[in-house]
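Quick heads-up: structures coming right below.
Across the two complexes that follow, chain A remains constant while its partner is chain B and subsequently chain C.
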Partner chain A sequence: MSIPKTRWRCEQFHQSRTNANNGCQIINAQIHSDYEESTVESNKDNMVSLEKKSPEERLNICRKYYLGGFAFLPLLWLINAIWFYKQAFKVEPYPQQAQIRTYVIRSAIGTLAWLLIITIWNVLFQVFRTKMGPAGDYLTFVVPRGYY
Partner chain B sequence: MMYSLFFAISLFYSLIFISGSQSKRVGDEMYVSFDRARYCVRRLNATHEIGCQSTTRGNSGRMYMIENDEEFKTYLQGDKMIDSVTSFIIVMNVRLFDSSHVDQLMNRLQSKLNGLLLYLKSNSSRPEYFSSDDQCPNHRYSYYLNQTETVNWNSKGTGLFFRSFPFPIMLIDEKDDYEQLVRFYRQFNSSHSSPACGLELKTFQNAAHTSKTCMRRNDITHSLIDLPEMFCDPIGGLNIYSKLPQMITSIPQERQPKSVVLILAATDSFQMFTKIQGSTGGAQQPAVALISLLTLAHLVGQVQDEVRKQNKELVFLTIDGDTLDYSGSIKFLYDMNRGSFPGGNKNEQRIKPEHIHSIIELQALSMTDQLWLHSYPSSLTNQTFINTLVSNQPMIKPISPDSPLPPASSQIFLRETSSSLFPAYILSSADATQLNNPYYHSFFDDPSTLSIDLSTLEYNSTTKLSLWVKRVVEPLAQTLVESFVGARVNVNIQQEIINNLVYCILKNINCPLIHNVSNQSVGNTFVPFDETPMPFTINSYPTAKTPTFPFIQYVLSYFLRDRSYDFLNFTRLSCKERASNDSFRSYRFVGGYLPSLSENSSLPGYCVRSYLRSVQSISPAFVIDGYDLSQTTYPAWTESRWTTISLRVFIIPTGTHEVVTLIIGILLFSVSFFVLLALRHFTKLSLLQPSCS
Partner chain C sequence: MSTDSPLTKKTSLSSHSSQSPSSDPQESQTSLVDIDYWSRSFLALVYPVSFTVFISAGLSILLYDLYTESNVFEDAGLISSSKGPNAASISKITSESFLIALIIIGIIALATCLLVIFVYYDCLKCLYIYLFFTVICVFSLLNISILSMIIAQINSSIDWITIIFYVYNVLTIAILCMFWLAPNLMKQIVTIYQCIIMILYVLKIAPEWIAWALLPLLAVWDILAVLLPFGPLYLLINLFQKRQLQVPSMMVYTTGIWFRNQNMNPFDDDHSISSQNYLSSFNLVFISSNVLKYISKHTSLTLTTMNRNINASPDQQPRKKRRVRESMLGLGDFIFYSILLSKTVFTSQCNLFTIIIIYLCLIMGILLTTIILVILHRPLPALPISLFIGLIVFFHYNHIGYKFADRLRLPSGPIII
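Right after this comes the complex of A and B.
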């Protein structure tokens, strides 16, 4: 919301001062830097930028996600693999990159494994729910009304 | 200031307009609903599901009316019509509802048949025969008696009740509903291009697959706070039995073998198309049999002093739940074999099959000129009894013993005892080959088939039916008392009593008879059923709020009461005190039913001393611990639960109409985008600017 205000401020300044051009330009320049600053600030408020972190911090984050995924949380692995992919393979090498690379690869493997397990279970359940007898009904969370 | 004044004035006017206008919901304007339609529900047993099912939102389709066979054939041959429409709801005359027509429709239309709506044009145009029961009723499993030949007792039966339909079937039987529907149909279905009428049938049933699955799902719940959702209920009501209260064999007395005569009748019937408020059928079977049973009980009560002198007990029994695989009788015999008949008091000597002398059943009585006495087996039947009965009432004709028995509860009594312990006699209008009931087990089986005009029936009116019942039951009572108890008495019942019974059971169960024989201090449980007859439908457990069982309990126990108490002056309190001393019998204080009392007694209130027991009649399948409901040892019928039933008519727009609606919608959609863009461009309102945070 800061942009409209500064623009308005600039126009009012333009009306009341004779050497308005200069003042306005300065303020224009200020607006530009203001914008960038506010962008950077707002980025900082919402998202973590890996470029701003030191390599140790990056490794730390990657490791946390990797270890957290073992608690039956495959989404953490998925996020880990996608987010740190650029860091692991596309950026110039730095000392921690090798470790980050192993984490990313293992996270990717874990994600695929989970995907396989979930897909297989989903298909099995849908095909065999009625053939399992009572077990099928006890495993169903929302028991269907009106059909078997 | 100006703005706020303008705002206030516009608010004031808009409030006036809103309160003055009659707002209607668009949905109500689109549909016309029929609330008095009958519907078909789903029932399950151990192996199958029967009945009809719709989707949750209702089955809808284009309406097509078929009045007779010619139109039916034309419709089936109309390939162009059938191919151009995606789903049909066929509206068919109820006369065409049999398996051949339904099968032809289902084969021709396959999945396009989305529902079936039957109609009855008027009460005077009923089909001559209408029965959805099997041709040989109650013959599905090995519950029946192993008889040598299969007789098609119900030769006009279509058997459609026991089929499973993937679409809903409903029926409208009110004349003005039919006329309204026809008006819509003629108005809109004139040609292909005009908009057509569509129907929506919603009869969603919760239950599916078999009783076992459904009962299992009843108990599944994953929530900590919600109750489990109910899917189905087992079928069953109450078996009620009563006898003279003076004759109780208590331990340590010994009950003599062959000392109990059971007299029984059924209390339920079924229809394929049910309705909450409406006739439930069941007049010829079992209403007349029930009226006869109660009349017989009253006659026995009248001569109780003679009957008591002998040592034979006459037990009157009503069985509920026999229409579907004899669940009630099977439960009764299960109880008897386990030693819980008669139940309720541990000190009463139990009745086992060896104590039973014989069974007399009243079944399928129509007002025919001849009645038939079936008996089985020939080795145990008492020919003297049969001869006496025939001589007392020549209307009754005996059928040669060992002929096949009609569908009756006695079959189960005989089967469970291998036909070796006691004979069974069935008094029925069914002759050797036919149940003479054209509307067996359908809602058409109402008092009009007994020549009773319900609109003019009064509490005291003597009808042909009541005269007929008196003519049949008095000789039967006489024969009964003579043959089994050995006493020669003259039995006569007041016509008024039978008139009152006919009125109460067939027209209005909230009648003076029941008020006079029931304990009014607990409140009148019959007021909610004012102006409704006794319902003869399938009852489910837990026992629904049907007035059938309280009525039978009160009336049967009153008719068999200890008549010596009619002359004793009791107060309500002293009557209740009696109950604390006597654990076998029940005591209640009632107003007194005048036609039943002798002229010598006229008291403000009477203490009724009677013997009454009621037992749940659900199948043993639901009672035995750990019984696998998929076995077929015992019948396991359940009825599904449902919530809303609705039948609605609406207009299906033509193809062009739908395309035009779609195009207008898309146009409005794009126009709204342009308008918004324009507004954003031309105004400085920050509301319309994109935000940067």
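Right after this comes the complex of A and C.
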């Protein structure tokens, strides 16, 4: 329990010059090392930034999102297209960029195709719901209140 | 806002303070730095809270018809009703609802203790499994139950196939955001979505009296859990402080989400560790245990240490640009602020003045908590001040204050002031 306190109260050491150099250096080293390790950890986990990753990792992420989208997941394709758009078209070329570009373009096309499918299905369902017989009622999520 | 100038000003101020021999300019310099820093971090807290609160208030206004006309929002027969032939007295109803709220808080406390035990014994697997299970339940089952309310209100006939498709997509994105890599914007959106689901679900299961009884008891629980030395949240925070290594990775997996404020992204470049991180709540399966709400102060310390390191080793240049601003607000706080506001929507019959006043009380509570945090430098519970101010003001305004406001705005007689 003492360690957190000293970490929080380190500023009080600044008040005297002698203590500042002696006391804080030890704590500094510890905090710095902890900070470093925590930054390494947190860079990996918290702040996801594509610039910090190697190009192979970027290609890997792009490919995983692309392949995942084939499992009826157009949202993954949408996120893939938007997230890697800058990487694919706006950044200086690097060897994996061509492959990322194909993935982004195909993801965008896939998103549009799924959007079309969903829209057409919904329109058809809304129009033909009452004419489908019992199947229409089974498929409806919440049967709407009638006003007539 | 420019990203570089306040930072360079801050580093120059701090380096000044580290070089001047006397203590008084140092004190004033650090206090200058502090006020600028803290006002910025307060604003960074206010934006996501306001956003979530507005969305939930809007949804409550949307669902208000459902509240008055159908039995979706009834108290499920848990407490005696105040209407009808067997109407119970008000004192009996309040005592029953306080009992039920106590039971709910007992469950929350149990979940918190369980999590403290998990963290204490380094049982990462248990936490991962628990969180995975929770995320799946929240984003599938509770999502469907929320969607049914909203779709019933807007009276549209959407089919099951679309719903399952949508829920499947959102669930996959949520799991990817939490357990793997996803863009930061998606993480924030998923966090807010999870908050909204929780809020509407808590409103559904604890609609009328129970929610009003739950809020002050939660504020009391918050005080007890964070400030007392044997409180589970205090222990949790200390464990996370001690094992500094585990904090980031575990926070992502156990509490689920680091909420990153969108407005902070222009400030921080890519090297920033955790610009605005919000520990999400530990989600009990069906009741959101808000558990971790603390606003702690990490960063004036790390700023000064960073400047020392800069003086010491010039190869630390890339980390110099980091603005570490770790003012963390738990996700449960979002949820209970929004529940307060949604309950005011329901109970005051969509009175806009009440909503605005309670929103301002919430912001005032956050401000007061930040001020106390500046003074005290320790983890603080974020709920109680806002909730107490909000509750007192609401009950006063709803029963007494509105007459004054109405008298002010309605046209009066021949007397013109």
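Methods note: the second predicted complex is superposed on the first by the 96 of 148 C-alpha atoms of A that agree within 3 Å, B and C clash if a C-alpha of one lies under 4 Å from a C-alpha of the other, contacts with A are read in each partner's own complex, and residues count from 1 in each chain.
Going forward, contacts are C-beta pairs under 8 Å (C-beta built on N, C-alpha and C of every residue); 3 or more make two chains touch, one makes a residue touch a chain.
Given the structure is predicted, the values throughout are model-derived calculations rather than measurements.
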Which of chain B and chain C A:Val143 touches, first, second, both or neither: both
Which superposed partner A:Pro134 touches (first chain B, second chain C, both, neither): first
Most chain A residues touched (candidates chain B, chain C): C
Partner chain in contact with A:Ala81 - chain B first, chain C second, else both or neither: neither
Which superposed partner A:Ile100 touches (first chain B, second chain C, both, neither): neither
Which superposed partner A:Leu73 touches (first chain B, second chain C, both, neither): second
Which of chain B and chain C A:Cys62 touches, first, second, both or neither: neither
Partner chain in contact with A:Ile118 - chain B first, chain C second, else both or neither: second
Footprint overlap on chain A, where chain B in one structure and chain C in the other make contact: 1, 3-4, 38, 42, 140-141, 143-145
List of chain C residues in touch with chain A within their complex: 17-18, 21, 23, 26-27, 30, 147-148, 151-152, 155-163, 165, 168-170, 172-173, 176, 181-184, 186-187, 238, 241-242, 244-245, 247-249, 251-252, 258, 260, 268, 270-275, 277, 297, 300-302, 304-305, 308-309, 319, 377-378
Chain A residues within the chain B interface of the complex: 1-4, 38, 42, 134, 137-138, 140-141, 143-148
Residues of chain A touching chain C in the complex: 1, 3-4, 7-11, 14-17, 20, 24, 28, 31-32, 34-35, 37-39, 41-49, 51-52, 61, 68, 72-76, 79, 82-83, 118, 121-122, 125-126, 129, 139-145
Sites on chain B touched by chain A in the complex: 53, 56, 204-209, 213, 216-217, 220, 222, 229, 231, 686, 689, 691-693
